[in-house]
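Letters are used for the chains, namely A, B, C, D, E and F, taken in the order the chains are written, and counting of residues starts over at 1 for each.
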């Protein structure tokens, strides 16, 4: 009875608070994220993501894998200003030069060693070999990269200041799409032969 | 005719501006609030809330009442970064220890006297008896409380820096829900007898 | 001893958290507000403002008074996204047409009755007589006003979604400053005689 | 094949990133803007607006025109924090006193000369004649105006810090709507004759 | 020479961009964080934190340790919207019930198993045992906890959506500070004996 | 006298409002921008920038020039969420591939014709030849470029959703700085000869 009165007068409606907004991915996204799933339908599993339990498949050209837990994979982070990914770098592995248009990144090495760096707007380069337990922050929107530094399998947990940080890999942006080669050459100063070679490898057209 | 031309050339579409966004509560909420009701359907009453005209019912265990005008009760504040509530504290009344996860709070005593306080992350306590006309600000997310200070009916108007500030009452969070008693004891250091006593009173399970 | 260990390992530095940022008004302001006073120097009185205890002086041309508790008067709200003011409207009192460039406003009538309204970008007008206990929200940046509605002393508590909401009174902006009359007439379509009459009353030049 | 592997492991889902959110204007707006059109349906034309290619029609009472490229006309800016408009000022042209409730404005004169100014909350006036190539910034929510300064057709490109800046023209807000004349006179100190004269010209009622 | 011209015309000043703002902790903090160290004085080590390389000391009453990399310890995250901490939970270890007033939290278990949970404003409880590789998100400002779940040393990397998330441990807030016992009892419904027992253990006064 | 009373009671302090915050560039920047110059020292010229009156010098390797009006050149935009630049593209001119880490960009062609485009995170390319009067929006943080399209001098006014948008030119980031060639090759897949050729031209080291 006490609890009844307390709830009646102190919490007239449980919808007072937008504590969280688990994304309903089937509805159209908005600039602030996806509409919320009804709170009544949520369980603890909406707030849990189990994709980091094993290594990503690094049997590819970069000997590396990125396993994201962004809104698209983990709707529980929708609207909460944070997300994460697991990075796997086999020996010789590399996460190619890229940016996250919408987030800063914080990397923690959990296994092995990683050479990581970023480049500022002033073209200054900040890079260093990180060992297990080291953190490095990559400011929003700046070019950065990670390379296996010791020839052993290396792993990092990275987190982002947005549930949808975006990921633009410079080499794929240039050579895996349909931007005509003359334009690429004009805006990058790269040689025609170089552009065509990488387009052939990466499937680019135009 | 003049007005026609003015409107034609200066205001090609009245939908240029998102002056306000009265919440359409029947549509799914987003991280930024509810979708907007069509402006053409709005009247002045969409911007007015009349729930503060009389005292809340304080015939309950806390001898107090909170009457919120959050988005759920007052859709006119949707998207506008502000909301309010009326607090009623009968003699011996108390608004138990609580936080607003999404807003800072500003309290104005309009009748009687209230002992109010908050606790910082450094465990420092700031509390004082406020009399009619006094304001106190409670920073976002910090534990705070209000207690009737003079044995007479006391009233406060509180406003929040969010249309959906949230309200988490510590004692209800612990003892009115289903968190198992051993977990509660583990994470609070409270005694088993204390936990079970309050669960019995407040309707908690587990 | 226990507490010592707890504090040592769980709270390595009390400066971890920016719970609040009471404004140090003697230092230069930034776009996000004033720099913070050192937490060690704060007392509960930094979070309390006592200026609403009595009526503002309404012995003036508008028979009204605004008593603000913005950052400048109440540095405790600095950085917290909220502030407040007390409005006093004697019989015939009026808060002239104005905007708050940086905040939405939420008004609560605590005594008497007030005719309040605002005008949207589409030139739609929303106004109504509010009685004691009624709330009205005025969306950010829109023209609005308050008028004593019953011929008795009326009071309202207003809160804002910013610690520095700003206040631009249209008539003072036009006629109490130094904008030359021909420019005023050009940009408002007001008659020269009207402009000069109000400049004379309100002390404007140019 | 390489590219296949790269895409498979580095970009598990193209929906990871909310690079942009072209507005779907047929869906209800939210406080953060319109829901997004599906990325698969977008073409380059969704990011292009062609409305600034010719002068607006200045054959009207103000000898001026505003051609907006806000979200309503240019859905590509939805959610991106920016928009623009073209201003045309024929000889004697004027953009009357107005505010943008939701944005700061940056003006660039591209032809002719423009006398532009704004008024601060302290009733200080900042105005000057701008010639071709000059920029002026008008802080959010403050009253400002633009007047043809040289008697030749003048043009400016203005940009805004919001995709939906809003536009409230003071004279239209007062005299083109339905706010009763006695209220207008009370809140502005304008004479009854002046109010009724402008209401007659601008089509106001009440 | 080419580069000279490029830099001269494309980058007239390296101070155009605020790529990052490494905190100068000796200057007064602002609501948006600390003032920036001069870019010319920065090295890669300003963006690296090495505090997670070894386990925190869990020889304490909670058999647990939190090693933060917030702005106070890692000035490189100042202004970047992200920070992190390492959690160590020895057998029987617990991170007591707490909130982060200014951030959502994302936890990744990197060793062992952890029982983690949070409580919503509606007093709903979401908890589960997380094993190595599992993630859980804790929405901003809500009460949550972590407990060693398997009796073996367990470790988690947690990240936050703010460089200064704050940390308010409910039990310390109540019993390690100076809030008088009668007030604590009034606002929590706890028994006097319970309050005094925990104050004695945790060093509280009042 | 009237005005005196009005000012006394309605505007107790002109420092109530933070209408604007003209940057004091000699003080340390903060994450929200520079501290403000004292309002009393401001004149209209603090809000005006005259740098766009003539063409930038395009006698350089890219036959192009960017003339920014960011906070560093135009302190009046500090804190106001907007800035601008003038682009000059001589025949064969090109603004090389670049990003703005902190802002979306809106381009208006004011003379000539410009081939402009951007690349999304999904490696989709959006480009088109813009003629005089056309606008194009480039979403925050994405790679984009502008090329003279007609062989005649072309000009654009671009605006940004931040007073400090940043500017990272991909080719300069890679080849004008000190990132060692082996790392560049590893993270971009470019050939060693290509990297060394461009470093020689652009002055890069390492």
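The working rule: a residue touches a chain if its C-beta (ideal position, glycine included) is under 8 Å from a C-beta of that chain, and two chains touch if they have at least 3 such contacts.
Everything numeric in this text was worked out from a predicted model, so none of it was measured.
With contact taken as defined at the outset, chain B and chain C are each touched by D, E. For the pair chain C and chain E, chains touching both partners: B, F.
Of the two interfaces, C-D and A-B, the higher number of touching C-beta pairs belongs to C-D. Over half of the residue-numbered contact pairs at B-C are shared with one candidate from C-E, A-E or A-D, namely A-E.
Mean C-alpha position of chain B lies 35 Å from that of chain D. Annotation: 42 Å between the Cα-based centres of chain B and chain F. Remark: chain A and chain F have CA centroids separated by 26 Å (rounded to whole angstrom).
Within chain D, contacts with two or more other chains are made by residues 11, 16-17, 19, 27, 30-33, 95, 101-102, 117, 120-121, 124, 127, 139-142, 166-168, 172, 176, 201-202. By the document's touch criterion, interfaces exist between A-B, A-D, A-E, A-F, B-C, B-D, B-E, C-D, C-E, C-F, D-F, E-F.
Residues of chain E that touch chain A in their complex: 11, 14, 16-17, 19-20, 39, 42-45, 47-54, 69, 74, 76-77, 80-84, 103-106, 108, 110, 117-118, 120-122, 124, 126-128, 130-142, 157, 159-161. Put simply, chain D touches chain C in their complex at residues 94-97, 99-102, 115, 117, 119-121, 123-125, 127, 139-143, 145, 147, 166-168, 170-179, 183, 186-191, 194, 197-198, 201-202, 206. Of all the residues in chain B, the ones that touch chain D in their complex are 2-13, 15-19, 21, 24, 27, 30-36, 38, 78-79. Residues 27-33, 56-62, 64-68, 70, 72-73, 95, 101-102, 164-169, 172, 176, 201-203 of chain E are the ones touching chain C in the complex.
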